[in-house]
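Heads up, the next two complexes both have subunit A, just with different partners, subunit B and then subunit C.
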Partner chain A sequence: MIRTDRLAAASRWKDKSLSEKAVTALGLMGLALALPPFPGALAVLVAASLLAWRSGVGPADWLALLAPPAAFIATGTVALAVEIDAAGLHLAADGGRAGLAVALRALAAVAALLLLAATTPTPALIGGLRRLGLAPELAEVALAIYRFIFILQDTAQTMHAVQAARLGTVGWRRRIRSAGLLAASLLPRALDRAHRQEIGLAARGFDGSLRTLSAHRPVSVWGLARAAILLVSIAGLGLAW
Partner chain B sequence: MVILEACGLHYAYPGGAPALAGLDLAVRRGRRLAILGPNGAGKTTLLLHLNGTLEPKSGQVRIDGAAMAHGRAQRASWRRRVGLVLQDPDDQLFAGTVAEDVSFGPLNLGLDESVVAARVAEALESLRIADLADRPPHMLSFGQKKRAAIAGAVAMRPDILLLDEPSAGLDPFGTVHLLAALDRLCQGGTTLVFTTHDVDLAWSWADDVALFATGQVVRQGEAETVLADHQALAAAHLKPPFLLELGLKARALGLLAADAPLPRKRADGLALLEGLAR
Partner chain C sequence: MHIMEGFLPAGHALAWTAISAPFVVTGAVRLKRILVERPELRLTFGAAGAFAFVLSALKLPSVTGSCSHPTGTGLGALAVGPAATTIIGTVVLLFQALLLAHGGLTTLGANVFSMAVAGPWIAWGVWKAAGKVGLGPSVAVFLAAMLGDLGTYVVTSAQLALAFPDAASGFAGAFAKFAGIFAVTQIPLAVAEGLLTVVVMNALNQRALVAEVRA
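Presenting the complex of A and B:
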């Protein structure tokens, strides 16, 4: 979440309309799930990675984004690709093909979603959901949580730095002790901060709804057309193979 | 002409010693008032009373002579007139981008979106952060956050703007820019109240000064008289500003005419020295 937001804020696609990005990402995800995994899902994975690269996500960041879900998917795949019976541990009857297909599909779908996450700041995503009919209360709670994540992270980072400066992280015993202290006081501190935020909002006339003037990003017909062309070509490739 | 007034305010935090103990303060219209006091004196607590966030145990706050009530509707109209910028900008910024954050207050005033957009642009420009409009607040430096938080209050065009330690954490250049922006506001008719423990800043910039010690205002009035009162300053654990001391010394030695203005800014002090050398 934190990494995606950092990337999104610096993305070349930050000002692209949300609809264009959503059509591209969700379309790619749909294709990853619908097309035969080879070459369909593979093509989606490659396309998502190339688009991420074009939007300004460096290869290292992209791999770091993909790594945690990939690890999850890999553990799941092992269960499909490997069998244990009286003869011991061996590859599944289909040679692990089913496992590989599922893994490829899942990874491609995740990559398509990450493309959206790494190019769109969370508040813009929430704004989009609100326009699609998400209850305003839910949208505002989501936005408040989003802010709170940064406050928590910032508070934790500061506390950790302060502990380290006083040698609280030298040796594993002290490290564990410091981590315990940090965990114990992080929440009260963050809550205190949230309370002060409430004062700050009230001072500007907060009446229960967090309305702000967000920049409208017009949908470009050409952008949508490009997304459609990409999706249709991948679909064609996947079906014609 | 007094615009905002606190009379006999008493307040104690739950389970704490008294933070305000019979505090009286008068804020004059169109002036810049510095509230000077050491850490823990109760400055922040006072500002939270002046915009209706905290309700005193006894005493009252008056605007234009009318006592303010703490009902929901009254508080809303109170906050239309009295803006507040908190000590820590992180307590104030919440939206996805700086411009969105600044638009929050004006939208709550019920203004049209086009009017709000104009106010946002103006507030960002007056604090010289127009280039940060699309940045998320968590990707700003402390000083930039501080200016964004002030812009959020300025965009509401309050009659009175309360600022809690506005210059704390700003570099000298940032402070100069901030004070210039606040000066423009003051010229536009906004009454400014700010807290600080920097006596030199108060002397160089404030028209009026209130000295704060242990929950009370021990002395208030024009900067020149209050800041020259060694006893009152000592009671508030503060020292007189250097340029004021310099000017008074020059007067006492007959080097500066009794009716000549005392040096307030650095440049005034240097000019005084140059005048002496000639």
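Presenting the complex of A and C:
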């Protein structure tokens, strides 16, 4: 299972209104981009981490979520910390401060994104996009993709384990061949599964829409006010520093 | 090669979103029309999108000791066409951002342009051109997937260089820096993805599945 999805399903904030969570997380993301990185982005990073902890995401899980994007951000930051001129490649004149500022901003924005992802199951987010005007057909395709991801991922993991047990991952050539054969075997299985589900739906009188029940989660005015207070406080701190 | 959440300045993030929007809207309108005529295809598109997501999580051997993952742009463009790849790719990039924090919401426009627009169209163009000059199918597929992947990497490097021009050498210097750093993994990966796509397309052709997918 994907870590963010597991955490979202078990989150204390799972039943909170999507509007409250979206205002908080997207507001923090906007502040990360708009405010000076220090202290603005740093405050966003701390706030997102504390809110994630409050929502039930443990420190180990939070660090595990942050680590892969942090590694990608670090790679990009290396390029910002150096300059190229007639003398060749050397450390930037500002000593890499601009690169660190971008890295801090990006890490804060990632933390805000993860706060939303680790507290809101993906179908609820798609439901929110649907209420904002996403065409029902596209929302249903997105939901179908989401549901197939876990089935195909399990199948791919099993196939990979079988290939590894038969030494299919030993050596560069075998790894390419195994990955290619895995992909080539997975696609027909995926299409076959979709085809069988289409037949099943047709047998149940499928009329073109895949309706599902969703729990009604009323927006709390107090919750929105708390989010607004948090965002205004961080904005004030970032601008006043 | 995803640009991470928050890495681009707000103006650049908005500009790339505006540039990608017409491609995504055109693809979405086309997809909607298809689904109104054939509603049962929702699940086929769902399976194809999930396949693209899982494919992007496949580990490929890259430079010594490291692994990376295929972009799937070449395979998508050759199997379902570049326009359909744009819309499926957009949804997959959204899920990668939400489920894996790989990419982001503010950088979705930039990532869509490099991986769901430029990459597939480059792969498609190379595949057509290779067919016209009489190259064999396997060579054409290899070149299409490899150059589609390389095109994605070049476009991403250009996007980053536009956002962060070098203080001394401007856009050109910044492009050289980003392209140089990412070349370590991206060039071997592009070759690996080309080979992988040949294996996949050969296996799919043996099962006559490419024709079924395109239909």
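Here is the rule we use: the second predicted complex is superposed on the first by the 202 of 241 C-alpha atoms of A that agree within 3 Å, B and C clash if a C-alpha of one lies under 4 Å from a C-alpha of the other, contacts with A are read in each partner's own complex, and residues count from 1 in each chain.
The rule is simple: contacts are C-beta pairs under 8 Å (C-beta built on N, C-alpha and C of every residue); 3 or more make two chains touch, one makes a residue touch a chain.
Keep in mind that this is a model prediction, so the values were computed, not measured.
Bringing the complexes onto one copy of subunit A puts subunit B beside subunit C with no clash.
When both complexes are overlaid on chain A, the residue A:Val46 reaches neither subunit B nor subunit C. In the superposition on chain A, contact of A:Asp85 is made with subunit C only, not with subunit B. In the superposed pair of complexes, A:Ala117 makes contact with subunit C only, with no contact to subunit B. Residue contacts after overlaying the shared chain place A:Arg193 against subunit B and subunit C alike. Of the two partner chains, neither subunit B nor subunit C is touched by A:Ala74.
Within the superposed three-chain model, A:Leu237 lies out of touch with both subunit B and subunit C [touch as defined at top]. In the superposed pair of complexes, A:Ala32 makes contact with subunit C only, with no contact to subunit B. Which of subunit B and subunit C touches more residues of subunit A: that partner is C. Angle at subunit A between subunit B and subunit C, computed from CA centres in the superposed arrangement: 90 degrees, to the nearest 10. In the superposition on chain A, A:Asp5 contacts both subunit B and subunit C.
By the touch criterion stated above, A:Ala144 is placed in contact with subunit B and with subunit C alike.
Shortest separation of subunit B and subunit C in the overlay equals 10 Å (C-alpha atoms, whole Å).
Taken together, the two complexes place residues 5, 122, 143-144, 147, 151, 193, 197, 201-202, 206-207, 210 of subunit A in contact with subunit B and also with subunit C.
Put simply, subunit A touches subunit C in their complex at residues 2, 4-5, 26, 29, 32-34, 65-66, 68-69, 72-73, 75-76, 78-80, 82-85, 89, 92-93, 102, 105-110, 112-114, 116-117, 122, 125, 135, 137-138, 140-149, 151-153, 156, 172, 175-177, 179-188, 190-191, 193-195, 197-198, 201-202, 206-210. Within the complex formed with subunit A, the residues of subunit C that make contact are 2-7, 9-10, 13, 28, 31-32, 35-36, 39-40, 42-51, 53-55, 57-61, 70, 75, 88, 91-92, 94-95, 97-102, 104-106, 160, 164, 166-169, 173-174, 176-178, 181-182, 192, 195-200, 202-204, 207, 209, 212-213. Of all residues in subunit B, only 48, 51, 53, 76, 79-80, 83-86, 88, 90-92, 94-97, 99-101, 103-105, 107-109, 113, 116-117, 120, 134-136, 138-139, 149, 152-153, 156 touch subunit A in the complex they form. Those residues of subunit A that touch subunit B in the complex are listed here as 5-6, 9, 14, 121-124, 143-144, 147, 150-151, 154, 193, 196-197, 199-207, 210-215.
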